[in-house]
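Shared between the two complexes below is subunit A, which pairs with subunit B and subunit C, respectively.
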Partner chain A sequence: MTVPDNSLLEADFELGFTYTRSPGIIIGKFLAALKQQKIYGIRANDGSVLFPPTEYDPRTAESLDDFVPLSDRGRLLYWTWIDQPRDHHQMSQSFAFAMIQLDGADVPFLHRMLADSPEHLSSGMAVKVQWAEERRGAITDIHGFVSATGG
Partner chain B sequence: MDIDLDPIEQFDAPIYHRYHATSSRAITPFLHAMKRGEILGHLSTATGKVLFPPLGACPESGEATHIPVILSDTGTVIGFTTVHLPIPGSKLVPPFTVANILLDGADQACSHLISECDIDEVAIGMRVLAVWRPAEVWNNSLENIEYFKPTGEPLVDIDALQQQCLAKAEQRKEAAKGGQDA
Partner chain C sequence: MSNHRVAICGVGQTERYKTKLTCSLAGLVREAALNALADAGCEWSDIDALIIGKAPDMFEGVVMPEAYLAEALGGVNKPVIRVHTAGSVGGSTAIVAANHIKSGLFKRVLTVAFEKQSESNAHWALSPSMPFRPHFNSGAGGMFAPVIREYMRRSGAPEDVGCQVAVKDRLHAIKNPHAHLHLPDIDIDTVKNSPMLWEPTRFLESCPSSDGACAMVLAAESHADTSTHKPAWVHAMAMRSEPSFYPWREEVNPEASRACAKDLYAQAGITQPRKQLDMAEVYVPFSWFEPIWLESLGFAESGQGWRLTLEGATSRDQGGDIPWNCSGGVLSSNPIGASGMIRFAEAALQVRGMADQRQVEGAKRALGHAYGGHSQFFAMWIVGATKP
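After this line comes the complex of A and B, so read on.
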């Protein structure tokens, strides 16, 4: 194909940063447990339970290592509905980015909330984990959360 | 309590930025010229310098540039780095040498590979010649030049080369001025 000499040229271009990350012992054990469909938080120095676990206390910066088993259920606090997911969301259907507080944890965390439409979501509703079919020891081993009451 | 499991030690966490790029008006003629096997620079009339690769603006004066200048595929090494560690995702097998090459007729150096010689032989002032890929595979990129190889000419005095370049640029600048006045 000959291109006229004045025509602008176009091309797809991908810039990739192919990082490998080392999560450390604490996060590493937390991820290994997720692979076994087990959920752990970690106890902070003031007695509160953090999920996901952190290596260090967010207030005193002391090392933490007292894991606390948590259930796969919690409460939906608030969310943003993603009506048209894009490639990087790795979701073929609409979903919500949600702050969810697991039962037994004292802080919420960010994950996907799965529902047919935003009308099915309400603040405080009971939710439960939907596990990914293939688990590899990553936070995405939790595919998302769904209503615990079936709605 | 502890978790009685071996921790996950590492995992892949790549980040990809996907672009659809369109060439600018300035660089487009350069890219088309590459496909013809021509090396195109831009003359900056404000400084008289020949810019390569031609990005459309003179970094010294800020002037928008568009006057094409065809450059030679021979040049002089003005700096170089030898890479001994493999670069993830790169096709290049270390050790290899990347040089800043001042093409004959240009006032700006470009980076390219040096090959067909021992890496110990690469030197500042070395005269080099482009080795082109077969014309059938030429595309709109500098990759049409596979690498540069030594010409075997004697080393060039870089300071003298700089003075020559500056003198020529001054002449071009004056010529450009004359052209405007006329």
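After this line comes the complex of A and C, so read on.
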């Protein structure tokens, strides 16, 4: 048999639905602090400081609630340079996806590193937070990281 | 495959299956898991593997929750597996966990099932608009209402049987501190006067939208005695599936349901379930599914299930000989992904003698049941107070 109408072989569709999120007391406190330009890690059972905070200790599974204030400074560990950002990157200029470890934290996390070119980046370089102009209680209240020495 | 005995050593539930706005998904599952560990007399480190289950991701919009729940459930560096069979998932998750013990490869397995309906609107998430498919937004209620009508037509059951089930299960729920709905003043008139949602199903003949998790610690015989409470024992378990639609499909009494029950009873040596079982926790999200499943599961002859309901046979409060859903059932709490496991766990609590105010005195053997999808996934187990 032949298919009478090729347009019936495929169709685009959008799947959308509205949800509510409940981050819980611990993550909720962390997010509320970001809105105030304050950065908290959380102390794990072995004394190490986790940033971003987790509700439960990854090693012991115990509940965590010992918040540790952290500065807005850290170190760039490793990265990948995005020379020509596409629409989905939500950035109009070149940047890097980077693992950054805040001073006082024992684990790195993924965020944006902002610089004019990849030649300005090096492993271990000092970086500092660049806050978003409008903050709403999200990890993107930290817009990205820039060189702490202005390089 | 080896055939090692499976003990249920710990049962844990959310304190109450109502909306929890201040609690994360991780916090929700953890509460049930900690309660199960405490009941079993175990620590996180005693657990060999973690088997979790929830309803489709669309229901609460967390894609692959198993990817981030390991640390909340002590699962780091252990096998973590997610089971997925729509509304029956709580039951099939328990069976997958039990098979880990039955195989002889694992000594203690923690199994957790959950749903946080306050983060979504699961009813409409069931009916997304898709190309080449009808989009009726019928939801579960609209999908099952014609099946209920057909049951009523075939059986000639009186119109108010559904209302009787709705009242009976809510009165049971009063004695269950975990139940979402506590409606002590409910009566037939209250149910009859509630809004008609999907004729013949009224608002109070439908399950609520609940938040909650249920967990169990299952153990091999050699590791079954850590708890101060005695364990329950798995006597039989079975799962069956079928498509939503196929030419000879029997929607009122699905082939997969009958085949699942037949397999289950054969394993446990049961020929007369009403006489040989002391109680049952059966997935009844809309009231009329009590008589429908009474017949499909062999507690009554075809067309006669509604008589057991009207006679009070399924009511613990009325001293019925085969109480169904002493916990209040799905009609009183429905954290969808957890609901099947709650049925399995409540059956275990009954034969352990740990069901407190909702205990069926002297219960020795009980059925836990779950179904899901378009009446197409079935999971059942029979648990007993003594070793099989």
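Annotations for the structure displayed:
FYI, the second predicted complex is superposed on the first by the 131 of 151 C-alpha atoms of A that agree within 3 Å, B and C clash if a C-alpha of one lies under 4 Å from a C-alpha of the other, contacts with A are read in each partner's own complex, and residues count from 1 in each chain.
Operating definition for what follows: a residue touches a chain if its C-beta (ideal position, glycine included) is under 8 Å from a C-beta of that chain, and two chains touch if they have at least 3 such contacts.
These numbers were taken from a predicted model, which means no experiment stands behind them.
In the superposition on chain A, A:Asn6 makes contact with subunit B only, while subunit C stays out of contact range. Once chain A of one complex is fitted onto chain A of the other, the partner contacts of A:Ser22 extend to both subunit B and subunit C. Shared-chain residue A:Thr60: touches subunit C; no touch with subunit B. When both complexes are overlaid on chain A, the residue A:Ser123 reaches neither subunit B nor subunit C.
Once the two complexes are overlaid on the shared chain, A:Gln93 sits clear of subunit B and of subunit C alike.
Touch criterion met: A:Gly137 reaches subunit B, while subunit C stays clear of it.
Legend: residue contacts after superposition of the two complexes on their common chain; A:Gln37 is shown touching neither subunit B nor subunit C.
Ranking subunit B and subunit C by residues of subunit A touched puts B first.
Common to the subunit B-facing and subunit C-facing surfaces of subunit A are residues 8, 11-13, 15, 17-28. Every residue of subunit A that touches subunit C in the complex is listed here, in rising order: 8, 11-13, 15, 17-28, 54-61.
The touching residues of subunit B, when paired with subunit A in their complex, are 1-3, 5-23, 25, 28-29, 31-32, 88-89, 140. Residues of subunit C touching subunit A in their complex: 20-27, 30, 44, 58, 60-61, 71-76, 116, 118-121, 124-125, 128-132. Subunit A makes touch with subunit B in their complex at residues 3, 5-33, 35-36, 38, 40, 65-69, 87, 136-138.
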